[in-house]
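Going in written order, the chains are labelled A, B, C, D and E, and every chain counts its residues from 1.
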C-alpha cells in the first residue's frame, strides 16, 4: 500500500515511537548517567540528568575493588564456550530432525524444550554435589557444561527451524555430486544456514551471559563471571547508587554493544526462527 | 599459595580487601576474593561448608554460625594462632560467642552491638533531650515529635526487611526488652504470648506513626542511606553505623549525630544485640596455613594500626579488642565509648527476662533458626507493610515455628 | 530423502543431544527424588534417614505453597498479558514508517540484554525506592505521596520489572510477524470495505496468532523460573506476597538448608512445570504445524 | 454501471515515473485485458483503478463520478489478486462472507448470497474448509466468489491464473469467460499470458513501459499490429521479423511473417534454409530454420506432421497477403 | 555407458505402495521422458534411479552392474532439480566445481572442465556471480553445467523447466535438446508438460499411479495410444472421447477424435452442435461445442480464423482415418 501517508500522521508516529523507545531505554540510560555522578549527586533531589560534574571516580573504585578483567574473561569464556559446544552438538541433531524427520521428531523436539521448564533450584543441590565430587566447583568447565545443557534445547529448536527453511533438494544435489555426510554439513548446510546459526549463537551468548543462577551458585572467585561481579555491589553499607551504576554499566555494556552491532542477526535470533 | 576468601561487602571488609595486598606482598601468597552481599554470602558459604565443597579457604561468618559449625567440626580451631596475635586481648563477650568447648573457631574482625543514633539538631528542635539510656516510650514519643513528613523527616528508622539477620535481629533484640522470648525451656514457641504481641504492636504502631515509607523493605543499608541524607530522626541499628554517619564524606548530617544505649522497658534487658563478623577457616580448605596466616593478619593489632594510619582511627574495625579501647588515640572517637558500653550490656547467655534453653541475643543458636526466623520475619514484615494483621502474623509465626521445631525433633 | 543410510546417520547424529539432555534431566532428577524422601538438612547432616512422604507433606501443607502457586500463576500470566498486549501495540507502531526506525528499534531491544540481577537492582534502587528512587521524586514533584512499590505491591512491581525485560522480545517477534503479513491480504480486506480497526481485528490479529504462541511458549519457559528478580528486590516478601514456586523451593533448600523438603518442593515444581509443559506443547504443537 | 475512464493519469514512485500521462476508456460490460512485458506497469495501472495506489496526477472516473480520491472500499470495485489473498484463518464461507459482514449485511441475506455464489462456482462442498485445505483452482474460485458477492460494478483481476498449472489454467480461463458472459459486468484483467489475452478479451490493451502501445480487439492486434512491438508481442510462436535487403524489397525497414503463415517445400520456395530442431507435436510441427540469411532462427509452424530432420535443406514461402511491413520507427505501413 | 534397467522395482511409503512392480529398460544415449498426472510417481521413479530413495524391492542395474544398494554418489548419474538446487553461497564457478572438488580432482583439471562447460552453456561471463544474481534461465544452465562436468553416464532431470516463464521455457527446451544431440548421453526427463514431452523425447514413458501405461516414441503415442488414458493424456487440447450409441456404430465402446481432426461447416456434417465459447488466437481457433448429444463439451481446433459466435449452430465432420477406437476395458482396438 504505497499510498501517500499524511505528513501529520508521520509526525505523530515519529514522536510517539521515539517517546516510547526512549522510555523503554531510559532505565539503562539513567544507570549509565548515574555511573558518572558522585554518590551524593546520585541521590540528589531533584535529580539532574546531564548537568552535574561528570566523574570517572566510580569506575576507578570498581576497578580497584574487583578484578573486572577476570570476571569479564570468565563471562566471555563461559558464554562463548557453552554456545560453541552447544552448536557442535545441536547442528547434527537439528540436521536429523529437519531432513530425516520421523514420527518422533516433533515429540523429541517438544520433550527437549520441556526440559527447559524444569526448575533449576530443584536440582541445585544434586548438581552441586556432583560438581564437588568431580572437583569442578568454581571451575569454568562446570559452568560451560551446565550452560551448554541448559541452552541446548533452545539451540536445537532454533537450528531446526532454520534448517527446515533450506530446501532439501540442495542437500540431495550435494549428495548426487558425491559429497559425504560430513562434506554435506560442512560445505553446504552450514554456510547456507549461516545467518541462522549466527543468530542462534548471538542469542545464546546473551542468554549465557545473563544466566545468574548457576553462575552464582557454582562459582566462588576464580570462575566467577560478571553476574557474580555485580553481586558484590548489590547492597553494601553506605551510599552505593553510583558505584552500583558503574558496575552495572560495566556488566551489561559488552553484551549491549555486541547486541547493537549485530542487531540484524539478533532480531532474527530473537524471533527464535519461529516467525518469518 | 592461592587462597579464596569469601567476605561480605561491608565497608570494613572492603577496606580489608584493599589493604590485603600488603599481606600478599609480605607472604608471597595470592588472594581470590568473593565479595558478596550478606545474604548471598551466608547462603553460599553455608552450602559450601555443609557439602564440603571446599571452594573457600577463609570465610566471613558471624556469631550465629560459629558455635553451630564449630560443633559440627566444620571449622579449624584457631587456638594455634601465634602468640603475638594475643587471644587474651579479645573482648570476653565477643570471644565467648566464638568459642566452643575451649576451642576458638573464628577470629573476630569487628564486633558490634546496636544502639540509638539520633540527630542532635532535630532533637533540640523538638525540645527534647536524649537520655543516655532511653526507654521505648521515650523513643516513640520523640519519634512522633521529630517526624515532619512534609520535609521527609521521619522520626524513627529501623529494620523492616524480612530476614533473620534483618528485621528479626532487630525485633528479637527488641522483644528481649519487652520480656518476650522465642522458646520456653521445653522449646515451645512463644509467639502466642502477650509479650510478643506487645513487642510487635509497639513496633508496627511506632513505625506507622513515624517511620519512613517502605519501611518493610528497609535493611541496614537502606536505613543508612536514609540517615545519611538527613531523613531519619533516630535510627536504632548496629554500632558500626556510627563511623559511616559521622564521616562527612558520605554523610550530610555528620556533625549533628548523637548516640545513646538501645532502649529498654525497665525489665532488665535492653533492646540491643551482640554480633561479631569473624574470619574462620573451614576444614575443607586445601591451604590451611596460608588461610590461618591471613586470618591472624587481618584480625591483628597491627592491622588495626594499619587502618588507623591509612584511614584514621574512626575507621578501624571496632569492638574486638580490649587494647583498642585502652588506646588513647581511639578514645577521641565520638562513638567509641557508647559502642563498648553497648557490647558490654549484652549478655548472650542470659538474653531474656524469663529463662531460655538457648544462647544468643538477637538469634537462637540452633541450626533451624535461620529458616524459621526468616519465615517469621516475612510474617512480621508483612505486618509492617500492612498486608497482614499483627494477630495473624503472630499466629502464623507460632504455627510455623511449632511445626518446624517438631519436625526438627526438639520436642521428642 | 530417506534411504537406509540417511536414516541411520540421523539416528547417530541426534543421539548426543538426546543422550546429554536425558542425562541432564534424569541424574539430578533421581537424586532429587532420593533426597525428597530423606531427612537431609545441610546444617545437621548427622541426622539423616528415610522419612517417607513427610517432606512432601510439609511442603504441600506449608501455607506459603498455595500463595507461591498463585503468585507463580499471576506472575507468568501477568507478564504474558502485558508483554503480548503492549508488544502488539508497539509492533504496530514500529511497523509504521517514521524517521530513525533503526535507532528506536535499538532502544527498544536494549532491555533484553540486561542481566536480570542488574535490572532488578536498578529498578529496585534507582526507580522504585520510595525515598531516593526516581518514581518517588516524580511523585513528589507533582505533589503526590511517593508510592512504596516493593512493599505495597511487590508482585505487581516484579511483574513490571520482568515485563520490561521481556517486552523487547515480544515486540520483536510480533513485529517480524506483522511484517510478514501478505500485503495483498490487507489490500483485499481494504477493498472488501474493512476499516482499519476491522483489519486489525480480522486480519492482523489472527495472522499474529502463531507468533503469539511462540511468545507465550518461550516466555513461559523463562518466566516459570523467574528467580533473580525476586531474590534481589523483595526476597519473596513482604510475607510471601512475592514468593513464587521457584523462590519457595530456593528458600526451603538454601535459606532453611532443608534439602529434603527443598527436594520435595523441587519434585512438586517439576511435576507442575511438566503439566504446564504438556498443556502448552499441545496447544503450540498444533499451532506450529499449520 | 461499470464504466471507467482514466484521464491523463500518471504515477511516479519517488522520482521514477512508472506511468507517463495515460488516457483509457473502458466501457460498461467490457472484458479488457492488460498485457505487456514484466514491469511495464500493468499491476500499477490496475491498482490505481482499484484505489490501492494514489495517482500522482490525472483523474479516474468510475461511472462518471470522480473517484480519484475515493478510498478503495468506496469505489464499488472488486479485485482478485494473483496470490488470491484469501484470509487463511477463515473458512471458505467466512472468506466469502467477509465483504458482506464489513458492509453490515444481516446473516440471512449473507447466507443467501454466499450459497448462490458457492453454487455458481461449485464450492458448496468446501464451504467449511480453510483455504489451506483447497487446491489452487478451488482457492482461485473462492477469491472470485469473494469478489462476486459484493456485486461490484467492475472486477479487477491481477494475473489470477498464473499460479495454476497449465491444465487448470485452461479450465479456469473458460470459467471466467463464462462468468463474464453471465454477469455482463465490466472486467479488467491483467495477464502476461498470450493465450489468455487473445481468448478472453473483448479489448486488449498492450502496454510497454507504462505507455499504451495499442488498444483493440484480439484479432485486430493479431492481424494489424500497430507497430513492431505489438507484432512481436502478440502471437505464439513469435512473428519472424526480417530486416535488411529482403525487407527493402517490400519497401519497408522491417517485414514480419508469422510462423503459421508460411508454406514449406523440399524443392522450391522464396527462402532457403536448414532445419535446426524440428518439434513434432502430432497436431503441429514447429521447425526452427537456420542459415536463411534473413535472421538468426526462423520459426515455422506446419499443421499436422511433416517429415523434417535436423540438417535437411528446406524452402519456405510466405503467404504474401499475410506479410506485415514496418517503417524505420517500427510503425506499421499500410 | 548409460544403460539403465529396472527389474520388478517397487516402492512403498509406509503402507502405501506408490510404485507397483515395474520393469523398464533405457538404452544408451536415449532421451526418455516420464509423463503422467501429478502424483503418479514420476519423481519417485527418478529418485529411485538416482539413489535418493531406497527401493522397497526389485533391482536397478546401471550399465549391467547392480546399483540397487549403491549410494547416489556412486551411481555415476547427475541430476538437475526442479528448483535447480544451486548452492546459493557459492559462485557459479564453485557450484560447477563442487562435484569435481568432492571427487578430489586437482585445480587445473577442474578449471579446464569448468571453462569448457561454461563456454558450452554461455556462462563464461557469469562465473563469478552468485546464483541469486542470475535469471531463471541462467540458473538452469548452471544446474546443467554442474551436471555436465561430472561426465555422468546419464542425466536425470526432474521438471527442470517448470519454474521458467513460457518464453524462456521454449528456449531452454531447445538448448537441452541440442545438448543431448551433442553429448549423446542418456537422459531421463520428468515433465508434465505435453509439449516438452512430445518435442524432446526419443521415448515417452506414460505413467499412471505408478504403472507404466505405454512406452513409445512421441508420434507413436499420438497416433496409436495404447488405451484411453494415453489417448486422453497425450495431445492438446485433449482428444474428444465419445461413448454410447455413436461409438457402437464404429464397433467400439469408446471412440476418440482429436480436436484438430475435424472439419467444421455451417450447413452440413456428421455431428451437429452449438458453439459455446470460441477462442480466437489468430493462428488457430478453439471452439467449444455444446449440445452435440455425444459428450459434454466437444473441443474443436481450426487452423486460422473462423467466424463462430456464441450460440451459432455448426456441423462437425471427423476425419474417419484419424478416429481411435477403444474397447470396454479402454484398450485400443486395431
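In the analysis below, a contact is a pair of C-beta atoms (placed from the backbone, for glycine too) under 8 Å apart; a residue touches a chain by one contact, two chains touch by 3 or more.
Since the structure is predicted, the reported quantities are computational estimates derived from the model, not experimental observations.
Common partners of chain A and chain D, by the touch rule above, are C, E. By number of C-beta pairs in contact, chains A-C lead all other pairings. Ranked by how far their CA centres sit from the centre of chain E, the chains are topped by B. Averaging C-alpha coordinates per chain places the centre of chain A 16 Å away from that of chain C. A straight line joining the Cα centres of chain D and chain E is 27 Å long. Centre-to-centre separation between chain B and chain C, using Cα means, comes to 36 Å. Averaging C-alpha coordinates per chain places the centre of chain A 53 Å away from that of chain E. Along chain B, residues 47, 51, 222, 225, 229 each make contact with two or more other chains.
Looking at chain D, residues 52 sit in touch with two or more other chains. Counting only residues that touch two or more partner chains, chain A has 1, 43, 125, 129, 172, 175, 231, 233-235. Partner chain E is touched in their complex by these residues of chain A: 167, 169-170, 172-180, 183, 187-188, 191-192, 194. Interface residues of chain A facing chain B in the complex, by the touch rule stated above, are 39-40, 43, 64-67, 125, 128-129, 132, 137-138, 216-217, 220-222, 224, 228, 231-240. Listed in rising order, the residues of chain C touching chain B in the complex are 41-47, 54, 58, 62-64, 129-132, 145-146, 148, 150-152, 234-241, 251-252, 254-258.
On the chain C side of its complex with chain D, the touching residues are 182, 184-185, 187-195, 198, 202-203, 206-207, 209, 290.
Taken together, the chain E residues at the contact with chain C in this complex read 51-54, 71.
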